[in-house]
Amino acid sequence: MQYFGKKTVTLIMTLFLVSVAAFLAFQIIPGDVVGSILGTEATPEREAKLREELGFNDPPVVRYMNWITGVLRGDLGKSWRYSKSMNEMMPVAELIGDKLPVTLWLAVLSVLLIVIVSVPLGVFWAKSRGRAADAVFSVLTQTAMAVPSFFLGILVTYLFGMVLRWFTPGGYVSYQDNFVGFLGYLIFPALSVAVPKIAMTARFLRNSLLTEMSSDYVRTARSKGATEQRVMYGHVLRNALMPVVTFLGMIIAEIVAGSIVVEQVFGLPGVGRLLISSISTRDLPVVEILVLYITAVVIVVYFLVDIVYRMIDPRISHK
Amino acid sequence: MEDRVGMFPKNENPMIQIQNLSVCFGGTEAVKNVDLEIARGEILGVVGESGSGKSVTALTVMGLLSESGRITSGRVIFDKDVLIESGERLNRALYRRYQGQRMSMVFQEPMTSLNPTRRVGAQVEEMLMLHTELPRQQWREKVLESFVSVGLRDVEQLYNCYPHQLSGGMRQRVMIAMAVILHPDLIVADEPTTALDVTVQNQIIALLREINQKEHNAMLFITHDLNLARRLCHRIAVMKDGRVVETQSAKDIFENPREEYTRSLIQAVPTRVRCKARPGESATGTGSAVSGEIRRPVLEVHDLNVYYQEGTNSLFGRRKRRRVVSGADFVLYPGEVMGLVGESGCGKSSLSKAILGMNRNVEGEIRHFSTRPQMIFQDPYSSLNPSRTVGWLLQEPLRAAGRLDKSRQMSEADMRAAACDMLRRVGLDESCMNRKPSQLSGGQRQRISIGQALITRPGFVIADEPVSALDVTLQAQIMELMQRLQEELGVAYLFISHDINVVYRMSDRIMVMKDGEIVEQGDTEELFAHPREAYTKLLLQEDLE
Amino acid sequence: MKKRISVYFMAALLIMTALGGCAGSTGESSEDKSSVVVGIQQDIDSLDPHKATAAGTKEILFNIFEGLVKPDPNGNLMNAVASGYSISEDGLVYTFTLREGVKFHNGDEVTAEDVKYSLERCAGILDGTALMSTLSAEKGGITSVDILDSRTVQVSVGSANMELIYSFTAAIIPAGSGEEAEAHPVGTGPFSFVSYKPQEGVVLAKHADYWQSGLPYLDEVTFKIVNSPDTALLDLQGGSIDIYPYLTDSQAAELSGSFQVMSAPSNVVQALFLNNADETLSDVRVRQAICYALDKDSVNEFVFGGNGAIISSAMLPTLQDFYVDVNDVYGTGANAEKAKELLADAGYADGIDLEIKVPSNYEVHMQTAEVVAEQLKEAGINAVIAPVEWGTWLDEVYNGRNYQATISGITCDQTPGYLLNRFQTESSKNFINYANAEYDETYLKAAASLDLAEKAGYYKELQNMLVEDAGTAFLSVPPITVAVKPELSGYTFYPVYVQDMSVVRYAD
Amino acid sequence: MTQDESRTKVYRLKGLKQRGNPYLWIGLFMTGTAVLMALVGFFWTPCSTTAMSAAERFCAPSPGHPFGTDNFGRDILSRVMKGAGSTIFISSLVVFFSGGLGIVIGALTGYFGGLLDEIVMRFTDAVNGFPSILLALVMISILGSGKKNLILSLGIVFTPSFVRIVRSEFIRLRDADYISRARLMGVGRLRILFVHILPNIFSTFWVSVMIGFNNGILAESGMSYLGIGVRPPDASLGEMLSDAQGYLLRAPWYALAPGLTIVWIVLGFSLLGEGIRQSSGEASDGR
């Protein structure tokens, strides 16, 4: 318990540091935000007014304090770029809240794909050690890992979208309109995200299985007269899957990044695309919150992985 | 071949027969034409050094030979059933009916041989699940029974423990409980005590003997330790390079070894009996006895406490420290060998590290009267930098010394000459100079290691289990080498070992350590003859049998 | 254990088939004959018609809002919220008569108060901040708005300007709505605002009470932001958008046959803008050399498929009365010899280095830059392209004027003076640092003139000055190429950049 | 440093001697062709990479244009050569920068530990879990885009992973028996760090260099694809892909050429890394 207490404190500290870093970093960005917002029609009066409205005239410390207290109270600030109504800007929370399900479902589908494909694949691969299938899998996974997700996205678009016409590239359906159609569309980007990760995970699991297979307790189990099936599913798999949990945690963090690019390829209005467009339009309130949010996701995922690991591995939890 | 078979005392009713067995790994034969048989109620010891093929034989008998191994000749007959016949594929399905139920195995490493993520109770239960029709409700009771039968206590609690929560001895008892729960006809025990401390070792040996007497089953006992085999086994087979050199009753093999190899093996065993006429005793013995009070010591340790930093490197966690050595107090004189004996975790290594300043978390006094004492480690594989050549390794201490003290600076040529000289002294020739450690055998590496420690002529050297990782014959050679160099160079050793016989053979004086305290210290002969402390007696117990 | 695994497989299989099965049914091609999806390139910058500055936003808001007058497809103004207007002799008083029965989307009828509020809001009379600089009181815009009666509004302006009437296209919104919290955009246009989602698009619905009877035809229009110009093609072919107005030439070629592809000149003046204050470029011969070196024909060919209009000065050819063709001065093909000669004259016999900063979000400008850089090399001008983000471009190039050359476009409104005005020496928009006292003088004369023909004469003089000084290397007026689904008809081009959806309908 | 370099060569040669290591051979072949193509591309390409031709737009692959032509009628092969060159060049610099920094920081923190180590570890822990492309994106948005900033930000982003690897190796080895002995001999600290320990981590380090190199290539092309990395007129594989995406139906080869080139390079280097790992693993397991 004390362990988790400590972990939580570290987690909060890290988030705080990241928030400071994000805020500081985006204060020194070159480029006049006000000018950028107003474009070529900017007039000094409008600029001055906007500057006042955005609170640019306060000292940085005050601005940070205002910002962070707002965030803690659930007020994530307002976008500088997107309007909600005629005279109000879109609250960042609403903006992200709208994009989040897309990225989230993409990640969920990808992880699902990764898990349901890579586990049986890894087991089968480990079992076929030394046979022809071993080499085939080795080549296949090495190749799959070398394909960048955006190229894979393009290939998927071409193959499934243009040649086979299984889906309409760009024909994204909002999850509010048609959830099934939404998932149906998302399957393809998820595929692009998942394939290299499936290869990685299967490879990792296979190596983990082989390591476990060569350990002494497997010999013990065999000496008891256990069948190979029993040795695999009763002894080896569980132990081999433990490091895979940590590995999957890393994969999830990477999916968050991978989806940035894949969202671009498939035109998904997710968090990743929002981040890219916010960076290029200097929509700093959005960028700051997104950076903070992604950091939080990554840290929390690691935290959860740690907890899960502790739950399933008696060697740690009982110490 | 014919003759040798004829020499075996014929068993009326052999439980298992190994006939002319040969096993190949790739191109190398690990086991060559081995013939063995064990009668019901008999314990056969197979003794040999590493690589002699004893473990492969055991695994083959159990049907656990790995995929890469191939049986090229012979057969294994278990109670009249032919289990292995060369030329036929290993019938694993057939074997499964015997494994566990009629033959079972106890392995060397009780930690890794148990599944680390399953409760020990469940692991023993698996035997019942696989081979009996017993209803599930009775499993637990049956397992607890078997736990009691191997001398485990608090079995209810133990049932739900994970392997890492048990001590080494308890784990091995669990392994044995697993092996005997179905009352098999054959138990194969592959070095079951090697990973354990001496005192635990004795208990396990006693347990195996008891089981054998009670169950009247056959037992194949694999070990590298001839002494151990003698204490437990009825008959002993000696193996070398995959062959059985000779097989005799335990008594005969010691009294009438027929083969040269067996004889050398027996000689190499550091027994107390043999060591009384220790070579070089007079020289060093008198050295310490006569001039000890006159000469200045090389090392004085007074009231030394050593602490171990509990390793939390968190920002918030308060550092705890644990005392691992308390009140160590001794003096080491030039040219003498001080033995330090104790079981694993008793603080031997912590003490040596503290003396050499590798752990500064100490209280008390350590006074050196020599410069740059060196250390020889147990593992010859990790104590030499693998990316450097032997020549470079031998010269590096000289270079370092030269850098620290300009007066000791040597020319390249001188250093090379010194390295050659040392190479010869440790019994290797110059051709080794350009080799990397990976190209040397374990014994050769330990020789280089010793050479590297002694090349700067330090006043004393700490040798931390320098022979424990080596086979018996090598052990004897290295010990001889160390003694010879000591005479030549007049260096003092602090000689650390868990093996009281090894320490006995090397030392002028002995300290016995237990739980961080030096419980007894004194002259070697005196201490062996009249141990004062109960613990010392316990350590010596095996010979008192 | 084994059983568990097989269950797990079954579940996985089920999920896969469920998802795979519905994959075919994606794509929201509008089968019903009452709605249309228009692909747009950029997100909108504001929902406030007076604050919106981006062309990409204005083209959408055109469907929601109307001014007292509004542009028509022929480049003239037509009456909208006003049914008529008159301008006093001295050009200082405008009197508008409001149309009967014009209703806002919220159902209220447009009143004189609404008009007064809207105009005052634009002019900055309400809070001192003018939202439209041309209407700003300080720049000779509106000084007061008076309600004469419930249907008549009189507007007084600071100085006479024939082109000011174009500014009365400013949207009329309900009085006070600009300051209300959570105000939805409410106007009088043919479509009402339904929803907006950042990065996805805007949905509009038919305004049932629209004053032009019979319009609009469609019940719903969705402006959908396409992923990237590159994938717009896929969207069109896949049926997820019906109209896409920003085709590149090669995309157009690919679509012709399956789509109606139409092309018209835009209202953008694209140029290789040269910073006259730059050390090297301050020499008129260097600037002229660059003009000679350019092969505008091939830029047009490569980037616009030959559909653009080549220009050499700051005027749209579509504004026929004011336009003078000066393409002969430097020619439309490359003249590398002449360029080298001029460079040598200027003391740069070995050629010069030229950095071209390009706003990277504009694909057209990036492509043009690639072509132009290649052409300049022929004349010994070593051009390097420096792509910059839009914000940086505004910062460094447009406002900071810290650059050598840039390729960009100026979007023109309907007034001819708009393009010429910015090249006055002291203009805040004169980002090329063009300085010519004669030009300034002539421009003032043009602005003061109340006679159209006289004004046009001055404007032509200005164009000639610009081209002779090689103030900047104008390239072309890019075409707008639109793909429209075959079933649709009525798509109409405007000389200004708008998407008038009210006239689009499904053919019977 | 010369000594260290000779060391790495020895490792390579040792690897070369190993027959029966298909990973190594195939990896060497693939990386060899890719690097050769890129190197040649620096000096010579079959056609000009910028010359445009209206007549030759979207030519399918043919003997004259083995990879076809693009929307400006430019030869794709030539552009791929240039693009691969710049991608490999950037990735090499990134790895050189981050690897070098990683060795120095990792060695010092790993060996000496202490407060500095604590701080560095907190930092690398935080950075390490963070998706690298995201971090580079944020960094680029602060520094501004362009080749130099791309290299700098990727270099900074990749450094922590090298620090971690080097650090853990140094921690593993600082308590190795032979290092303890070197300390007892009185060998100086820097000499222990760089003469005694460093050569022993090279096989591990070399493998992570390969991985880092590949990550560099993927990150660079990914960022160029997003339009924040290398930008025209510099040819870049990622940028070509993003262009090609628009012409996928009309000219699928335009996307395939740069895409497959990336796969070729990355696969080559990962096979090479695997090969090195196996051969050095065999060497050190040969006890």
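When the chains are written out, they are named A, B, C and D in that same order, and each has its own residue count from 1.
Note that in this section contacts are C-beta pairs under 8 Å (C-beta built on N, C-alpha and C of every residue); 3 or more make two chains touch, one makes a residue touch a chain.
These figures come from a predicted structure and were not determined experimentally.
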item: Third chains touching both chain C and chain B; value: A, D
item: Centroid spacing, where centroids are CA-atom means, of chain A and chain C in whole angstrom; value: 38
item: Separation of chain A from chain D, taking each centre as the mean of its C-alpha atoms, in whole Å; value: 23
item: Chain C and chain D, separation of their C-alpha mean positions in angstrom; value: 44
item: Interchain centroid distance [CA atoms averaged], chain B/chain D, Å; value: 47
item: Of all residues in chain C, the ones touching two or more other chains; value: 228, 231, 234, 389, 392
item: Where chain A touches two or more other chains at once, by residue number; value: 30, 157, 162, 234, 264, 280
item: Numbers and ranges of chain B residues touching at least 2 other chains; value: none
item: Those chain pairs that satisfy the touch definition; value: A-B, A-C, A-D, B-D, C-D
item: Partner chain A, residues of chain C touching it in the complex; value: 1-2, 5, 8-9, 12, 15-16, 19-29, 43-48, 53-54, 124, 128-131, 133, 136, 173, 177-185, 196-200, 226-228, 231-232, 234-235, 238-241, 361, 389-392, 394-395, 398-399, 429
item: Sites on chain A touched by chain C in the complex; value: 30-33, 35-43, 45-46, 49, 79, 81-88, 90, 95, 98-99, 109, 112, 116, 120, 157, 161-162, 166-174, 177, 180-181, 183-185, 187-188, 229, 233-234, 264, 266-267, 269, 273-274, 277, 280-282
item: Contacting residues of chain A [partner chain D, same complex]; value: 14, 17-18, 22, 25-26, 28-30, 142-143, 145-151, 154-155, 157-158, 162, 250, 253-254, 256-258, 260-261, 264-265, 275-276, 279-280, 287, 291, 294-295, 298-299, 302
item: Chain C residues within the chain D interface of the complex; value: 228-231, 233-234, 237, 248, 250-251, 254, 298, 301-302, 360, 366-367, 369-371, 373-374, 385-389, 392
item: In the complex with chain B, residue positions of chain D that touch it; value: 7, 113, 118, 176-188, 196, 199-200, 283-284, 286-287
